[in-house]
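Each in structure tokens, the structures are laid out below.
Two complexes are shown next, each including chain A; its partner changes from chain B in the first to chain C in the second.
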Partner chain A sequence: MQIPVQGFMYPNEVELQWSILIVLYPYITGLVAGAFILASLERVFRVEAVKPTYRLALLTALAFLLVAPLPLQLHLGHPERSFEMYMTPHRSSAMAMFGFVYLWYLMAVLLLEIWLDYRRDIVLRSQTGTGWKRGVYRLLTLGSSNVSERSLRIDERLGYFITLIGIPSAFLLHGYVGFIFGSVKANPWWSSPLMPIVFLFSAMVSGISAVMLLYMFSTWVRGQRIDMRCLDTVARYLLYTFIIDFSLEMLDLLQRIYEADESFRSLDFMVHTRLWTSQVIIQILLGTVTPIALISLTQVLRCSDTARKQIYAVAGSLTMVGIFAMRWNVVIGGQLFSKSFLGYTSYKMGFATREGLLPAIVLMILPFIILWVLVKLLPPWPESASLSESDAVAVHATS
Partner chain B sequence: MELTRRRLLMLLPAAAVAWNYVSAGTPEASPNYKMTEHWWAMLIDIPKCIGCGSCVRACAEENDVPEGYFRTWVERYHVADWKIEKPEVESPDGGKNGFPPHTDDDGKNFFVPKLCNHCVDSPCTQVCPVGATFITPDGVVLVDKNYCLGCRYCVQACPYGCRFINPKTNTAEKCTLCYHRITKGLTTACCEVCPTGARQLADLKNPKDPIHEFLRTHTVQVLKPHLATEAKVFYNGMDGSVR
Partner chain C sequence: MFKDGEHLIRLAAVFALGLAAFVILRAAVVPRSFGQYGHYRGAAIAEIASRPIALAGHVTCESCHSDIADQKKLGKHVVVACEACHGALAAHAEDPTSVQPKKLDTAVVCARCHEANSAKPKWFPQVATADHSGGIACDTCHQPHRPKIETGKSETAKTEAEGKK
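So, the complex of A and B:
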């Protein structure tokens, strides 16, 4: 396949090395980190209003975290050797160390926190359930069926402690993804000390937005009323993090424009041509300025509940598109120009190829299927908690 | 210890694993070659390069380089008068078949052969997640294709565009400075065929190597010195427009 080139590229640079799958990877890990940070608002910072989203946020984080390594795995030339990253890691490599950050976050933070939070429900369901479900819940108890007040208090305290560790871990998880790009000194589009922090805030924006949309959608599907106090609070946090994120990105941009180093002319040309639609139109105007303006409207104008819900739905969806565009512009944009700063190449995405659009779509649907299973197994809804309450009374009465 | 059939069967898999690890990281070398006695580099004398492309062809043949990828290539620069920041550069098929005549006489033309710079502080070896690419004790950056994951991080990290993914092995590949030849006392394939001596293999640890005299008496540069990679491919007579 002939790739259109403009100007001069080093001959080995014409073909892009990192595809749409590598765009998905920071997008998905960002959703994980953002969802977890939203969950921790309730647990650690006692923002009671967002409580209805707490468990949903944790399950969302888990569903996406389980999928996060798959795009990387699919992209590797030798996926069967990927375990070598754990067996013989190269300590100076940001990518190798990320493997351990991921494992730490999955095993020590997320799984443990979800298990502790749901342990009481799991035990109750293992006693009241029937058939294969009973077996699954019994397995999930990991042999611990003590739901006495004292043990639940220990769960609560331990859960709080894990969330405390979880916040810096979530920061580390996505800040580190930013570092993987930001530390490549050969590439001026990536190389920036601001990269980890920009990635972190954009992760929070996407994660909060995803949980907000999932909360609205799941409440609508279940025919329940949306808790507007909760939704308003989540939207407000989305606005705050979005403003910080946008300011950081603009700061980076201003610095680059004012410094105008040797790479500037080349990057500037790229933004005005190949990246114009994905960066200026989709990422900045549609995906950032519009949602910020829309949510700000709800803060200054008195809008009805219905109007606010509609605004949040539109702003949230645009945010998801905008953050995806941001990941696209970083990963793909960073490979479109020559390191000689004398030319530009193009990205030709296949469809049903190993790194094409189809596997990318499947990988983006997969977390929602996992989330659906998780939600069926461990219902995160407030009303299922009260259901468990009556079950608990029944279990205690029979024991 | 008596070597029973049972013990032998138990030892064999362990020995196979151990041998695999030993052989994986050991580059091919001749018996009398001592890595610690060498520190390899290359000298490119730009005014001597005629852009014939012999080096590119020899490299491709010697190292079975796949079509469309390059372990070494030649660029032709055309710099019009004072426009040092906007050179016109071309490298059709890596300069493998030479270059068509340049018709524009406004400004200067020259050829710049490129290859892996075998940097001492190489960004590519730094980022490899499993250490599959490494610098040997004699200063050559190599890739172990039996260990490389094909993650392409090293390709991104190389500032000079010297790496690519071999579509046959799905692993990273680059110039090895013809390691299989230089450890047997030969020079690299590209240096061997260069008709003007524009490319010279150099051993910086050998006090008798003419490179020392050359470096003392000429103004040489490395590519992108601001990236502090300590590149070991030295260019004589390099114009400021070269990237």
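So, the complex of A and C:
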């Protein structure tokens, strides 16, 4: 396969080593961190309005977190060796420490918070359910069916505490991804201390927008009415974080333009040629400016509920595309130019190869399948919580 | 308090079990000599050192094949070591009669270095083999050890001219 090259490339730069799977990885972890931060809003800052999305956001974060390491595994020629970073941790390598950041976030934060929040439902279902599902619930109760007033209060308090730890952990999880790129000092497209912060805010943007879309979609599928107060609040948060995210990115850009260091001409050329569509058109115009403008419109103009829903749906979808383009431009863009600043290569994506488009599509569908299973197992809907209120009393009375 | 926190104690037990499993697994799978000298398996050094040597080095080859070495000195391939083309041949250098080197397919061997590629420096001689020779073995025209195709000019004049450059 001949790769079209323009100008001078060093031999090891011609072929891109970090493929679309490495684009997916920050995209997916970003969704995790963003969804979790939205959930934390309700809990820590007691934003009652977004409560209907709380559990959905947690489950979304879990579904995506379970998939997050898979693109990396597929990218590795020897996936089984990734296990070694747990066995013989290398403290001086940010990449090698990721395993622990991931594990911490999965085990100590997300699973724990979900378990505590759902424990009452799990206990109830383990007593009323049937078949294999009942077995699963029984396993999840860990053999304790205590759902007394006090035990639930303890759960509530512990859950609050975990959320408190969870927010910096979510920041760590995604800030870390930005850190990895930001600390590649040989690559001027990546090397920037602003990188972790930009990644973090774009993660929040994508996570909030994903939960917003999922909330709209799932309510529609279940034939329920959307809680407009909730949706408006989520959209407003999306707008705020988006504005911060966009300002940060523009700040980074301005700084680069003004500083105009030795890499600038080369990068500038790249943005005007190879990255023009994906960066300027898709990421900035379509994926950032348009959704910001659309949601701002709902803040200034008085729109009907239907109109707002439609605007949110369009803005949310564009956001998802825009953030994906941002990851693409960072990961792929950072490999398209030569470190000699004299040449450019191209990225040729395979289709049904180990790192091709097909596995990327499968990996993007997988979290939704996991989410579907999670939702079946642990329904996050507000009405299912209120329905079982009476059962709880009954169970409590008998125990 | 204790009764209502029981589920948390169970949870802590699950975590403790997981941690214990990790510690046991780690003790079982991490090689003993890991970390002896650094972040790697200490015993690996001895293992690698005990492997049979594969490459003899061009000085060894030249001690027997001095005719080839003399040829090679006249052309630009003087900078290319014997085993870069012939492959690792320490076994042959040990015992030349019983271990015979394989015949090389020049259409493959030469293209490995000379196939045109914009990533290679401009000064490096390179050809698009498909256009240049169309699959014919390169050594039908080029002498592998002294690849420049010389037409006419005397041998000595040529080498002197190259020496001056």
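Just a few scattered comments:
Simple rule for what comes next: the second predicted complex is superposed on the first by the 396 of 399 C-alpha atoms of A that agree within 3 Å, B and C clash if a C-alpha of one lies under 4 Å from a C-alpha of the other, contacts with A are read in each partner's own complex, and residues count from 1 in each chain.
Note that a residue touches a chain if its C-beta (ideal position, glycine included) is under 8 Å from a C-beta of that chain, and two chains touch if they have at least 3 such contacts.
Predicted model, so just to flag it, every value in this text is computed and none were measured.
Model built by superposing both complexes on chain A: chain B and chain C clash. More residues of chain A lie in touch with B than with the remaining chain of the pair chain B and chain C. In the superposition on chain A, A:229 makes contact with neither chain B nor chain C.
Of the two partner chains placed by the overlay, only chain B lies in contact with A:99; chain C stays clear of it. In the superposition on chain A, A:82 makes contact with chain B only, while chain C stays out of contact range. Legend: residue contacts after superposition of the two complexes on their common chain; A:151 is shown touching chain C, with no touch to chain B.
Within the superposed three-chain model, A:8 lies in touch with chain B and with chain C [touch as defined at top].
Of the two partner chains placed by the overlay, neither chain B nor chain C lies in contact with A:272.
When the shared chain is aligned, chain B comes close enough to touch A:339, but chain C does not. In the superposed model, A:90 makes contact with both chain B and chain C. Annotation: chain A residues 8-11, 13, 88, 90 touch chain B in one complex and chain C in the other. Within the complex formed with chain A, the chain C residues making contact are 1, 3-8, 10-11, 14-15, 18, 22, 25-26, 29-30, 34-35, 39, 117-120. On chain B, the positions that touch chain A within their shared complex are 69-70, 73, 75, 87-91, 93-94, 114, 123, 126-131, 147-153, 155-165, 169-171, 227, 243. Interface residues of chain A facing chain B in the complex, by the touch rule stated above, are 8-13, 15, 17-18, 72, 75-79, 81-82, 84-85, 88-90, 92-96, 99, 183-187, 335, 338-342.
Residues 5-11, 13-14, 86-88, 90, 107, 112, 115, 119, 141-144, 146, 148, 150-151, 154, 158, 343 of chain A are the ones that touch chain C when the two sit in their complex.
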